[in-house]
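For clarity, chains are labelled A, B, C and D in written order, and residue numbers in each chain start from 1.
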Amino acid sequence: MELRSYIIRRLLLLIPVLLGVTLFIFGITMMFSPTQRAMLYVRDAKQLADLPAVIERYGLDQPFVVQYGTWLGQVFTGNLGYSKVVSQPVSDAIIQFLPATLELAIFATPLIILLGILLGTTAAAHKDRPLDHGTRVAAILGWSLPTFWLGLMLLMIFYGFLRGFLPPGRLSVQIDLLVNAAPFIRYTHINTIDAILNLDGPVFLDALRHLVLPVVTLSVVNVAFIMRLMRSSMLESLGKGYILTARAKGLAERVVVNKHARRNALIPVITVSGYVFAALANGVVITETIFNFKGIGWWAWQSAINLDISSVLGFALFNAVLFVLVNLVVDVLYTRVDPRVRLGQGVQ
Amino acid sequence: MTDWKFTARQLVRNPLSLLGIIIIVIFVFIAIFAPLIAPTPESHQQRPYMIPRDGYRAQPEPPSEDHIFGTTQGQYDIFYGVIWGTRSAFRVGLVVIGIVVVIGILLGSLAGYFGGIVDEIIMRITDVFLAFPALILAMAIVAALGPSLNTVIIALTVVSWPSYARLIRGDILQVREEDYIEASRGLGASSARVILRHALPNAIYPTLIMASLDIGAVVLSAAALSFLGLGAPEGYADWGQLTSFARNWIVGPPGDPLKYWYAVTIPGLFILFFVLGWNLLGDAFRDIFDPRLARR
Amino acid sequence: MKDLIRIRDLSVRFYTYEGVVHAIDDLDLDIRQGETLGIVGETGSGKSMTALAILRLVPYPGKIESGSIVFCDRDSGGEVELLKLREDRMRAIRGNKISMVFQEPGAALNPVYTIGDQISEVFLLHRRQELGRRARERVDNLLNDGNGFGAGLKRPFWHWQSRIYDKIAEEPHALEPRLLSHIPLFRRLLWRLKDEASLLTVDMLKDVEIPDAARVAAEYPHELSGGMKQRAVIAMALACSPELLIADEPTTSLDVTIQAQMLELFRRIKADKGASVLFVTHNLGVASEVCDRVAVMYAGRLCEVCTVEELFLHPLHPYTRALLDAVPMPGKELQTIPGALADALNPPPGCRFHPRCPSATPLCQQERPKLKAVAKDHMVACYLF
Amino acid sequence: MSKRLSKLGWIVIIALLTLALVAFPACTQTGEEEEEEENGGPAIPYKNDGIFVQMTIGEPETLDPAASYDNASGEQIDLVYETLVDYDRGAAGDFVGQLATDWVWNAADLTWTFTIRQGVKFHEGGDLSPEDVEYSFERAMIYDRLGGPTWMLFEPLLLAGEYAGLTFADVDATVEVDGNNVVFTLADAGYTLIWLQTICGGWGSIVDKEWCIANGEWDGTEADIPNHYQQEDGTTYLWTHMNGTGPWKLNQWEHGVQFKLERFDDYWREPAPFDFVISQLVEEWTTRKQALLAGDADFVLVDKMYIPEIEGVADLLKIKDLGELAVTSMFMNQDIETEDNDYIGTGQLDGNGIPGDFFSDPDVRKGFLYAFDYETAIRDIMLDEGITPPSPIVEGLLGYNPDASRYTYDLAKAEEHLKAAWGGQVWEKGFKFTAIYNSGNDMRKAAMEILAENLFEINNKFQVAVVGLPWGTGMVPLLRSYRLVLYACGWGGDYPHAHNFVAPFMSTYGTFSKFMSYGSAELDATIEAALLELDPEEQLDKYYELQQIWYDDAPAIMCWQPTGRRWFTKYIHGFFFNPMIPGDAGPLYYMSKSAS
């Protein structure tokens, strides 16, 4: 099968899943009585004073299917409701807050993957030796660390002893003014990338400084996850016949491990990299909350504690769609890496 | 049974898994004897899970004779909180894992055994749930249902059952191929009987063990939700919440930055060790069950 | 005939959870130049381990405990002690002077690289100088023939390439090419080496009678049949014209018809290249077809070493005889060897075969029989002789 | 793996080096700053010259002066828009002209005549005219956002509370342009001072008529009123856009993140002292504190509970004992909406809930009032920086009676009242309901917990669950639909007059009393009589009387009246206190920042 038709087929398969996702999301809101939902959706004192009129106007007492249809129609036109905590439509809020989170992800993802793979490889290559035990304990420890606690501990250390060294937020005040003033063009709203595009060193460094702690916090757990996976995958790979062949060829151990074993060991890691996305999505909520890093996770948290249901559900829906697409990309990537996989069939 | 003996021996011989076992045993001990370790004051008898407080001042107080771990924001006693929090942790973990495993076995074996349209429907439903990043879905559910310990349990159950159903389905599928199921069917045994008597026990021991070891992960998620303010009511003995109380007290006044170290460190360490214990054990079991790393 | 490999007192042990396994116990064996030596034995007898020990590739948790393996280089005439060689020198021998073909061709090939890549790798590793020379010649040709505007532009680049490849041809580990090959982007500048290697690869594939060699080189292992894979593996092993080719059960996993082709290929290779072959097999029939001499192993020790004719006509060791009796032949009643293979963890004392031996004596239970010559080219380790 | 580094290894090393590179300048930077002082911690460095940075927890709800009725919005509107007159510095009774150069009271016609300042420019370029003034007030009144501030305009002008029931002609007649003057006709002489005080607030801001109309706001005609009367929230152009005459203009509003103002260069007075005024939204205290101590913020919000944290810092400008005109109370809803209400348990007086009219029995209310430990609240929650007011008429207001009857903490009396309540049923069966505070406000939470704890102590069948709900999205809808049972809320004065405290707490139309079903027509008459009384002595008596009524009715628990504190870095100069300035940071136009 051709790649294009494979992708099209996969996209078609997504439709029932996404329909299920929307149904589920909508089902959650339908657990409330019409009055409660009226209170959830309106933001206007006038309308609050007359809830029956609101119910009437928005058809909140209509049969489930009718309401679902209406809602689905709105979702398709990009109307995910209104986010009260930031006084703007949910879709606008996502657009406003996404770049910050993307920036975190841009730095955290390569760090997670590279470090996870490197450590996993190292541990496997040193199986049952001190280095392996060390990395293994570190991985279990990292995997057990509550992200929020790690963040707080980092804050305790860096705030307490190195004041101003790695500050919270996204940019320092003056840099922020610089970024928003005329000569600086905000192409992406991702500060580091914009800084590069504008060839602005100070902005880049300042943005990077603000990123260090959140990125570290976000990465630790996931590095541990990838590392563990990579280690067992590498161990499996290193036990394979082709490794012996490679050694018998006279290849250096470095080449054997890094070329022959790793390429194969990466395949299962790629299949789970979708979960890394999920873990990141979960992680940004906590990380951004702790570091006052105003991205989409912070906004979701604010919405959640403010019981701003339409925002939270809009956010969940957005994440689900993204997650599903990421998994699609991962699957396509998988077919590229493993020549044995024929499109649409999977291994074996 | 020799297999179990072998497993037990492996666990005890590996220092890491042994450490895990010790940690878990200690926590079980704490949970069981919480009323003895941290007795509930008279006035609190009716609601032992609410942490007693010593006044209403916000500023945490350092460890003292009355409060051996100090008090956190709002003068909640940290020691009482973490001890009784152990019970809360076990409660959330055991209830969620219990429900999830039951649902997983039910739906997973239905899907795996009958296959066809049943399988298709159940798997598409799991697809829907797995389409969400877990914590985000849990967060949405808790926010929608209103934060409380029970909603946390519901939310974590909702987000975690699909993967267990899938695992068990996979196990069943594997077993179904094996001959003795065919054989017992040939002898006229009913499907349900076949599943219950033959397929399940063989298929799911490892899955069950791995599931029960996920308690650590469940508690971690619950703690995260609590930390975000989407968990038990304020004042409830809960580690995540105790950590969140410390949020405003991470750094002490100038010149004494670690003044409130106890407020954030102690509850966090309890979470860390609890999860670590289960993960250590889980890691050892993973190695034992992993056919790829079979013993040499 | 001169020896190619002299193995003396070789011991290989495995340190497992359960205890120490004596995989090879004081083994003495010579491989002569140009001969095909078969090692036969049951699974677990240590025959494959012997092969791996020669390449010093005994897998973890195994360890070469003691002994010596001397490699007498036919080309240079020097003798080297393989077990004491520095790791990088040893690597220079692996795949170059001594190469190996494994049992399962499917497993022996890396599924994520093309056949061509995997064979080229050997050339790039061991024939860098030659590749450099060939690449340089090609660049020089370009310099001489190149005309027109494009060539004019490229000329300085060609000059530079010529110099680099020249350096590689002279000294493959000179600083400049070495630096280049370590810097990710610049590594690509050495693409001509790869090109040359691919050309050699295709030649090699043709050599092992693979039809449509250029296409096969671009394919992944899973796209080939078992026989083709094994040919590719053999091509890989033969790439650098080794002096010793170790074949570890190369035909076991193949269909019978393919097996025959494969054996034919081995015979031809030996004839063409004059290499020695160490042929590890559990199949006496296969051994009889390709081998000049045969060594019989049991539980990590040699029982008997003799020419293939002697083995079939005058087998001496009780184990050899039992082994031969266990070979199914028309008109003969099949006999099994009583008892089970010796427990590797707790091997019986004395002769390891004594619990199963019909003619065991009390001495056999106590002391290990030494391998001794009973006739020309016939050695046996048994108190009966 | 060999000792040599793999490709990945190099990448990681390069990444670490980059990190180190980033950290290095930061490191050296802090290295220079950290000059330890003997006492009071490290010196606060001087940063962000010409920029005023504050960190608070509230975000503006709206930028529309006619709609804004919360502090965070009012603060920004106060900096961008200007009113006709303003309080003269700290004095709440003296006024200075802002957009008016002169103002004259005509007792005979009941008119205030304001002479409009010439040569004032709006940020978008328009010139200030008397028509702008007329338009601003008329627009506010015909818009009449529900829950907005406009009621304060209707009362003095038209003796009404809202636009409903009035005509455009009524409204139009109250504000007229006369040459370069604008004439307001009041409804009663009792409002003379109150009117001046009222229009000092953000709702008295002057907008640019032409600019508004050009951007789709009300066009000034009666025909267009239906399109703008109680327009849906968020739909007015002014909701998110600003065009005032003040010293700063809107630069950027990053929702949920920060609000930035920049200096307006064509300002009619001396240019503003700060190039930028940046208000950042930082919910958690540690970040705010660290920013203040690192010099990244010039002013941060410091909750009472955190005062000990920074009290010892030498480099801070500490301003104390400010007499805030604000009060926090716990309200008891006497007529709870029981439908779809999760907070009243079973809805019956059966020990597992309360009926909707639970609090209509005065004995219940009085029992509750006696059960609150006022002293503990002041000591533990307010850290002794506040007092317990006896009634809504708090200290600092004309009409405050320091000797008014007040409730004290007395569990015996509480028990007595609760035993009598509902014919003894309350005592016998007990009750259970949920009390709500706005989440994040730990002081109110603690106050409710004190009450709940004490009630539980009196009779452990008395169960009050204390739950935090977000203000805007959680409490307000419940409040406005009468579903809150017992809730904590605070009130900050709009203008420094007892009426502004009596009306919200005691009138049938009051912000609080309305939603706890307290008040009566009779009481309304008493309130009006007190307000319109022109004789100061008499007026004082009438307000004293109202305080006694409050005591007798016992409608709500008066928790505390805080004493204000402000914390700036020592580089900020010129702060003075006026309780009517909406922003905690004070009169920024009169303040400055310098390293000395």
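Please note the rule applied: contacts are C-beta pairs under 8 Å (C-beta built on N, C-alpha and C of every residue); 3 or more make two chains touch, one makes a residue touch a chain.
For clarity, every value in this text was computed on a predicted model and none was experimentally measured.
Centrality annotation: A (chain centre taken as mean Cα position, compared with the mean over all protein Cα atoms). A comparison of the A-C and A-D interfaces places the larger number of contacting C-beta pairs at A-D. Separating the centre of subunit C from that of subunit D, both taken as means of CA atoms, is a distance of 86 Å.
Rounded to a whole number, the gap between the C-alpha centres of subunit A and subunit C is 49 angstrom.
For the pair subunit A and subunit D, the distance between C-alpha centroids works out to 38 Å.
Centre-to-centre spacing of subunit A and subunit B amounts to 23 Å, using the average Cα coordinate of each chain. Multi-chain contact residues of subunit B (touching two or more other chains) are listed as 146, 229, 247, 250-252.
Residues of subunit A in contact with at least two other chains: 155, 159, 252, 305, 307-308. Chain contacts: subunit D has residues 7, 42, 284, 286, 290, 293, 439 touching two or more partner chains.
Note for the complex: subunit D touches subunit A at residues 1-2, 4, 6-9, 11-12, 15, 18-19, 21-23, 25-27, 29-30, 33-34, 42, 47-48, 51, 53, 59, 61-62, 145-148, 230, 232-234, 251-252, 254-258, 260, 276, 278, 280, 282-284, 286-287, 290-291, 293-294, 296, 339-340, 439, 469-470, 472-474, 476-478, 480-481. Per the touch definition, subunit B reaches subunit D in the complex via residues 43, 46, 55-59, 73-74, 146, 229, 233-235, 247-255.
Interface of subunit B with subunit A (complex): residues 16, 124-125, 127-129, 131-137, 139-146, 216, 220, 223-224, 227-230, 240, 243-244, 246-247, 250-252, 257-258, 261, 264-265, 268, 271-272, 275-276, 279-280, 283, 286, 290, 292-293.
For subunit A in complex with subunit B, the residues that touch the partner chain are 16-18, 20-21, 23-25, 28-29, 31-32, 136-137, 140-141, 143-149, 152-153, 155-156, 159-161, 228, 232, 235-236, 239, 277-279, 281-282, 285-286, 289-290, 300-301, 303-305, 307-309, 312-313, 315-316, 319-320, 323-324. Interface residues of subunit D, counted against subunit B in their complex, comprise 40-42, 284-286, 289-290, 293, 303, 305-306, 308-310, 312-313, 342, 376-377, 380-381, 383, 439, 442, 445-446, 449-450, 457, 460, 465-468.
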